[in-house]
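Next come two complexes, and both contain chain A; in the first it sits with chain B, in the second with chain C.
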Partner chain A sequence: MTISSGEIVADLHELSDQLDLDLEEVEVSGASSLENDLGMDSLNLMDFLVFLEKKYRVKISDEHLNDVETISDIVHVLNEISPAAAGPTGDAAA
Partner chain B sequence: MRGPRGAGPGAEVAGFVDDFRAFVAGTLADAPAPGPETVYDDEHPLWEKFRAAGLANWWLPARHGGPGVPLRVSVDLIAELSYHDPGFAFAAMLPILGSRMLEFYGTAEVADRYLGEMAKGGTFCAALGSEVVAGSELALTATTFRREGDHLVVDGEKAFSTNLAFGRFCLALARNAEDHRDFSVVLVPADTPGFEPGPRWLMSGLHGTGTYPATFTNCVVPAANELSGNGLRVLEVGLNGSRILMAAIAIGIARRARDLSMEYAGNKQLGGRPLTQNAVFAARMGQLEMELESLKSVCWRAADEYDALYAREDAAAAFHGQGVLKSAVMAKMHCGQTGWRIVSAVSEGFGGLGYTEAHPVQRLLRDMRHISLVEGGDDVLRELTYGRYVRHASRRG
Partner chain C sequence: MARAAVIDAIGHYLPEGRETNDELALRMDTSDEWIRTRTGIRARARAGDDEPTSLLGARAGRAALAGATVPDVDLVIVATTTPDMKCPATAPVVASELGLAGAGSFDMNSACTGFLAGLGVASGLISRGDARAVLLVGAEKYSSIIYPNDRGTAPIFGDGAAAMVLRAGDPDELGAVGRVHLGSDGNLWSLAHVRSGGSAFPRAAEEDPHDPYLRMDGRATYRHAVARMTETCRAALADRSMTVDDVDLLVAHQANVRILNEVARELGLDAEKSLVDLTDIGNTAAASIPMALSRAHANGVLAGKERMLLTAFGAGASWGATVLQWPAGLSQETSRNSGDDN
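Presenting the complex of A and B:
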């Protein structure tokens, strides 16, 4: 099963209060930049990654994060390393 | 209670404030000034009087046996303590940092036990975040914990913690040894084998405070001593209260500086007239009063915001979501910088006398300086402010 951008966007909305993210007037999509569009700082990102690691039962290494800028990038990493994912690529357009 | 804002304390809080002011006027005002060797621990005679009057740890809520004084009122109380003794004020208020973390994120049983003891005995707790290498980058914290069955094992070294050597327990920020993104705050009782406070740091100011490093070597504590939530954010939440009260220390120091100036000017002749009738002096004091009012305003505003969040049923979650309160950071930065300008200007008014070691204004200068340096130096907080509240348009003030 491939993890989609839509799932990650839904995760973000669910976590927005906990992460202190103001997403009400932001259209969140796969192309959204975690830092520039969503306003994530290093602490938000760390919380988000810990959430994803627990939910998808994966370990996201620092090397994986080197090229992560958008939600699609996160989806790509999760689909690469998740045992639950059927294919190697994410659905960035979802 | 001073100031126009806030709903005002209830009858119980009003009675507490009266007792607090009686201690300040009847005991603290006449106490000898602390020297470099003084430590206000729980055996110091001044602390014993404070504790005996039921004044210690005044913010602890009624459910843990405390008087539950709101932060808005605490700002005024701290300003009154710090007018006479900023070191005593700092030592007395700093346990709010650890106790609020425990109150919000500890299990009910652990919080009841340790906060109940604090309320009953007027004892101290301490918090440990800073490390020598990590500095202000808490995400680089090297102190670790590992989970072993029903226990946690803590290892590492911490650099600065006030009240540590005589605190009954401490709350240490640590990283999971097996997951570098997993941070927790762990409660370590003072008598835990392997926990060792180091030699006291001698500080430039704030005499009376005792600040120490510490080492943790295979410290085994119950798993229930781990606070819930991301440890970095839990620490941020704890710092909100202590930063606001640290800012409030500037109010008392600035008032003292003003009153020293007026006392000096009343006895000083310049051009055949008292200095109090000099236009330059008058302008300086007018400026000081305006700046002093701004200190009060930022502290009251931050405390009002804090109290409003604290009153919510979901206070712990609401604070955890926000982490740092912008108003608390603004208050500390503003009071540190403006307070320093106030005391610096006052010291100039004494001429060479103001540069002598024994002059009270020198002590005020050294005491005021800590506000811009401790619990996040101003450069650290400027960067935090930019990252969280300036870079993204939707978050700008």
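Presenting the complex of A and C:
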């Protein structure tokens, strides 16, 4: 199983109130910049990543935290570290 | 009867200088709005060149001692990350400044967790009878380790000191200090650190100019701070068979307002029950918890008997939490001559 951009976008919408984000007029895609397009800052980005850690039962390392700039970056990091994303062959099905 | 350390008096000292967000924005790439939304801070306290940590600590100590019921203290502990010198400790200087030469004294460095670590040590020494009364001081001059144009740290930290007098008493009385839960993870040392000047990396001519100053990974620190403070608060509550519903006031290390709000939310505590006191002074590190308590006491916010949950997270990484009930009838005179403008 691979985590998709669509799932992360859905997660972001689910958490938008808590993160104090107004996403109604914004089209969110994998290429969306979390800070420039979605108005997140480094701290509510952390809150979102902690939510994702709990939901997908993964631990994002401190080094990875600073790699995250877009929705696609989050998808990439989660798929790299998620046991659920690594299939029996170690190569997740698309 | 078992003895316990009991809060006898509290006081604080804030230097008069303030650096506002607009002033910071003149010299670095930041803005008032950027700083306020991330930290909740509008201005930070700045000590003058002639005000080292020992002076801030001594003035806070004097304010606390003015309200003490005990005739004298026999131990002075200074929790600080910014001692006057690498050697000797700052505590003997503070003790002598207060006319307490001859009292035992030592520093404790657990960064922003320093006050809680000191509370645990002071409590243990009083309980054992090794000390009859302790002056516990949190004193910091973070401006001395801030890289001038580092927008990750310069907006956050402020200078100041606060002090508490602890005396021997009964474990069941108001203000008694119970178990202080402490934890650390040295694998996280790089979250917030000053690289050079110690034995691992003595200063060298070719060093990066930032090396003698504080570096902080804000993103990672935020995440670990929320997780560890929440976790250790739950442990401290469980230890006393309490739930979050039993808590009247959360007094967390005043790191930034977003961390305070997130810890309260994770604990399921109303944000109104979280003491916030950094807007006009900044994060005063090891001094922040007693500073918030002392200023709340001086301003009449604390009536006595409030059940408090204290917690901190700091460099190390280090963290801690404890539960106590605020004493009734503490002197209201304790913050006179504090330089406080509120």
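Quick note on the criterion: the second predicted complex is superposed on the first by the 85 of 94 C-alpha atoms of A that agree within 3 Å, B and C clash if a C-alpha of one lies under 4 Å from a C-alpha of the other, contacts with A are read in each partner's own complex, and residues count from 1 in each chain.
In this text, contacts are C-beta pairs under 8 Å (C-beta built on N, C-alpha and C of every residue); 3 or more make two chains touch, one makes a residue touch a chain.
If you're wondering where the values come from, they're calculated on a predicted model, not measured in any experiment.
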item	value
Clash or fit, chain B versus chain C on superposed chain A	clash
Touching partner for A:17 - first (chain B), second (chain C), both, neither	first
First (chain B), second (chain C), both or neither touched by A:9	neither
Partner with the higher number of touched chain A residues, chain C or chain B	B
Contacts of A:58 with chain B and chain C, given as first, second, both or neither	neither
Chain B versus chain C as contact partner of A:49, first or second or both or neither	both
Contacts of A:74 with chain B and chain C, given as first, second, both or neither	neither
Contacts of A:34 with chain B and chain C, given as first, second, both or neither	neither
Shared chain A surface residues [contacts with chain B and with chain C]	41-43, 46-47, 49-50
Residues of chain A touching chain C in the complex	41-43, 45-47, 49-50, 62, 65-66
Chain A-touching residues of chain B, taken from the complex the two chains share	139, 181-182, 230, 232-233, 236, 317, 320-323, 387-388, 391-392, 394-395
Contact footprint of chain A on chain C as seen in their complex	37-38, 188, 191, 217-220, 222-223, 226-227, 258, 262
Residues of chain A that touch chain B when the two form their complex	17-20, 22, 25-26, 39, 41-43, 46-47, 49-50, 53
